[in-house]
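In the two complexes that follow, chain A is the common piece, with chain B as its partner first and chain C second.
Presenting the complex of A and B:
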């Protein structure tokens, strides 16, 4: 008893996620199909140079990829292939796209995970401190710095860090060393600059959101009550104010993943030469390797979808008052 | 349609300026925020730079291989040249000159001229793309709130799908598919960036819809279009202004980031394109990457300061 609404709720969210996923796949399919380029393009220059007939080549390649079939057949083939894990062939790296992603996702994952932890822990602590000491010099200083943090372009910050700490001071390598084992101190050291690059914008955002969420709750009556009954200030701030500020914060942190973190990680990987998904997409753009660019976008989007789902479900634990019908 | 648009503009204008006292009031509230005024001043400076700057600088595309990688005024660097005939490596010290106050890049193009023409590109992209996104967002938000029912449901589910796409990854995909030209970049940012605005304007309009003056106007027999253009839109105008100001920096950064990864319009020297070329010469000519980055940073900072100040000024609950 009692928890059956939770099961219903989760089922409902799952169904909803499936609908959104279908929408994403459909939009991507339409984009690729209405785009001006065809998979035959990369062979054309070669064939034309040898005096072949371009029209014949295009027809042959399109038949090979099933592009001569009616559009709805193509659409169902596309969906079916994606579900069977057949994500296409990356000709620039000569391996199936799914294999390429399996070998590279871990680099993106470690970067995003470390940056998120760095930004969330530091951001929330500074935000709480700033709110408790509202209108003091430290508060103003932190607020001003957070403005700078959200305004600084990620890729420029990365280049500046390389310029100062790697080129001028020689403290770090200018390029990420892929031969390092993943779980080692050297690897952690190599990730310091990338984590600062990706984490700064997020950190500044979290400081602002935490501060304003804390301030919203600090003025509430239950805080006065908690103080009046003689609770120590630590408990008032930690248990009463912060617990209530947490919900909007979780929403924002999860929302950031889609809008800021993936874009930032993409650029950070390129600047530091980290071989994650952003880097393989970047290389694929120059090689005109279609399936890889599409796959990276789809993976990022599905990650956001899953995280949104997890956020919705975690709400029911963070705020026991929430009951979804 | 034109009549109606003019009518709406007039209504917005009236809300803000019919009573000069209201404008005065908002101006007073904004003025108290020093950072917002700094932001406004910088934006005005930037607009002037973009509009009249190119008439005073040299051609940004002109190359001069006798003057490559000159540092900015006040800086000196070591430059090594290899003479093929004498097989000797000579290193000489060169300092910046006033002919090229911000130095030159690896092709000898004047950095000052490139930065100025980049300002034009970045501002144009920022303003036009944000304009498209905000207009689309307003239309979808107001329609969704006003129509309700299945139309609202369909529009909001579509918004959810669009919001799930990570913004930058979607931009990369579309620009990759349709090819990098400035027009496509602007259009794509505009056509994908409306989701946040649509949601916010929808929720604002939903609460406005039940307010007395809207109900009264309907009871007096006003047509739907009149209610929408005369009452709903003018009342979300302040929200729209704040959202536009705060989304311009994101758009400028998105264009710069696209240019940076090689999906920019190669015929326009936008700040992102300069930054990309500076990234490759970071060890020999740091200023090529530093200068456009500082401009980007200050521009984004200025719009954030102004947007924040405006939001506080328009918010009746905040006492600035």
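Presenting the complex of A and C:
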């Protein structure tokens, strides 16, 4: 049988994911379309300044993008197109939505992925060290620094890093250069400051969570037993304590991943001029560019649902006692 | 003889080589490097410019297609696609436009007057496309709105005929750029296909019409154009001299300025507080230039504003209390000058004569303002002679000042105004609202209980959704054609959201846009009268005209700083390494 229950569970969760995504798509579509704003809003002041009729221009712009039809017609047209793989035309950037996302997702993805790895690896290592060396000067230093890391605003940190490492020391370019080849050392170098900016807060959090989870487990009886059995300290910490501490950590890391997909990376993208999905969706919201808003929300929803599913699956490997019915 | 011939040939080769190297004013210029312009005002909407209403879209497309003409810093017309200046008939009704005969589309076809007339008639004037600025090409005839009439005369000449004279219409024609008829006909009538047409969205048709050719547009990131070696104005001098011209977008002014300081970009605008720091840098040149923009304080004269604001004397009193020196010197650090009317000093139509200068000495001061209000019945006198400003029924005056979020100087101005009015005893509540909310809830108006669509001026009975008394806002004046400001100050003006109405002003703007103004002396007189009336009437408090600060790396040569400093950017170059 193996883990056939897990396969059934995954299929069930994926089905739920589709239903949830459809619900969120519908809600987003309605919210964007029934609001008082119109994609023509930005034209109005210019038009009025030239003596034009704002109502006529609004009607013209809405007709140009099919927004003059009843909302249910627009909705079903949109769903029909979506099933045919047509995500619509972005009227604030003048390109097909799918092309827009294809071009820009990678900038967000590489930033989020590298920041998460940077924060998780370093945060866990420091957290373990802090717990094992509890109440030493190093532990106090890491604790102090992690509180600073948690408190520091992303925006301020990014600008400070630019002023020190780019302007004063000249080690990095002041902005992210999209003309660099993606798989190159130059690109990796260009991402160092953005990754530190986005990852610092998460890193500091992981230090605190890891330290706390490790200390909880270090006090447990099975640790005393393991030590009594004469196991080397490295094995006790790595195999027994850390493995048990990992479960809540995975939850937190995956939760963080979901949060930054939904906007946490936006500020970092702004500071370093990275044209990722955060910037694209933010601008689309202000431009009432609903095909982009709905598409990005949909992708974000799927990402979060998949991350949650991955988290649940990872539990079954981290703790074999866990089973889903 | 043969040797002499060889010698002459060699000499000629030498002369030609030297001439090619000394493109301008004997300065050796070579094509090299990328010019990177740092901007943070948001990205363009489309490169299919006829659909755009935002200035950035026009600016992007403008690197690849020249208009008929532009103007320099002294506001002299500089011909671009024009072979000679536009000829205007003595009655001001017929404009004859002659274009150059060396303009080409990308497929090698000549750009002809047919392309211009097609762009006007079949695209800009069409119902299916709904060109956002079609009203620029319309006039009122017998109560009806009609389009002007473009006509092809020959391959390089076309005419535009109006039925009413409007002297400043010529500037609308100067700004005209064409679409290629041979491509556009394939999309005619189908707005969706036209909107998504790859040729227009990739600017692949632009031939030799601009100094640069489109290369890449990464949304919310950068717009890249590359040198056009066939550019019609550059072919004899080797211009333009940059390999690429790149517009890099930044989300924040701090990082944009840091990029300039680090040498990662070539040029950008500088915030007033940073000017001295950048001026002290050895590798940077900072130019302070006048602009067309001004900030005003609109007084709500509609039914949902303070009733007293309909009284000219009250508006004068408030403008007397508000210090323009504080705004121009303390807030904008000297990079602005007090404004008294809608025409900036850089405009050829500016006049100082007879202007009422509220907000500076001698028309400035708490006591003077209080007395003006008291004389109108808005105040009570204490035993010691101090005036306490109140409503006519003796209740305290509480006003609402709305200003959009996101502009630190605008917010500082709002607090300065609040402080000035507080000295009179007027309490001002500042409402900081996002731009879209400001427009929808405070600026746009409708007649109560009607089914009107909200607009900026829905007639004298219309009011905004939210109550307000003052709004801080930025306006622009066309330096060469100030009569365009009629939309702000005439009774039916499309942007007269504050409800000002004065038949004398309506009449003066009408005259500025009529046959009478064909005579420049008459036009000057009309503008002088308009400035005098508006500076006296104070429909708004004209606060300050802004100056901009633009910084460049010091090795950029050929810049002519001024109000339109980009007019000659195709001959800018990097200083050769010595």
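We adopt the following convention: the second predicted complex is superposed on the first by the 265 of 325 C-alpha atoms of A that agree within 3 Å, B and C clash if a C-alpha of one lies under 4 Å from a C-alpha of the other, contacts with A are read in each partner's own complex, and residues count from 1 in each chain.
In this text, a residue touches a chain if its C-beta (ideal position, glycine included) is under 8 Å from a C-beta of that chain, and two chains touch if they have at least 3 such contacts.
The structure presented is a predicted model; accordingly, all values stated were derived computationally and were not measured.
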Which of chain B and chain C A:93 touches, first, second, both or neither: second
Contacts of A:167 with chain B and chain C, given as first, second, both or neither: both
First (chain B), second (chain C), both or neither touched by A:178: second
Contacts of A:283 with chain B and chain C, given as first, second, both or neither: second
Touched partner set for A:159, first chain B, second chain C, both or neither: both
Partner chain(s) touched by A:293 [first = chain B, second = chain C, both, neither]: first
Touched partner set for A:270, first chain B, second chain C, both or neither: both
Touched partner set for A:151, first chain B, second chain C, both or neither: first
Which of chain B and chain C A:246 touches, first, second, both or neither: neither
Chain B/chain C common contact set on chain A: 36-37, 159, 162-163, 167, 270-271, 286
In the complex with chain A, residue positions of chain C that touch it: 42-43, 45-48, 51, 53-54, 130, 132-136, 191-192, 195-196, 201, 218-222, 248-252, 254-255, 258-259, 261-262, 264, 436, 439-440, 444, 453, 455-457, 484, 486-487, 493-495
Contact footprint of chain C on chain A as seen in their complex: 36-37, 41-55, 57-58, 60-61, 63-64, 89, 91-96, 100, 103-104, 159, 162-163, 166-167, 170, 173-175, 178, 269-273, 275, 279-280, 283, 286-287
Chain B residues touching chain A - in the complex, by the definition given at the top: 35, 157-158, 160-161, 163-170, 172-174, 176-179, 249, 253, 256-257, 260-263, 275, 278-279, 282-283, 286, 289-290, 293, 296-297, 300-301, 304-305, 308
Chain B-touching residues of chain A, taken from the complex the two chains share: 19-20, 23-24, 27-28, 31-32, 35-37, 147-148, 150-156, 159-160, 162-163, 167, 257-259, 262-263, 266-267, 270-271, 281-282, 285-286, 293-294, 296-297, 300-301, 304-305, 308
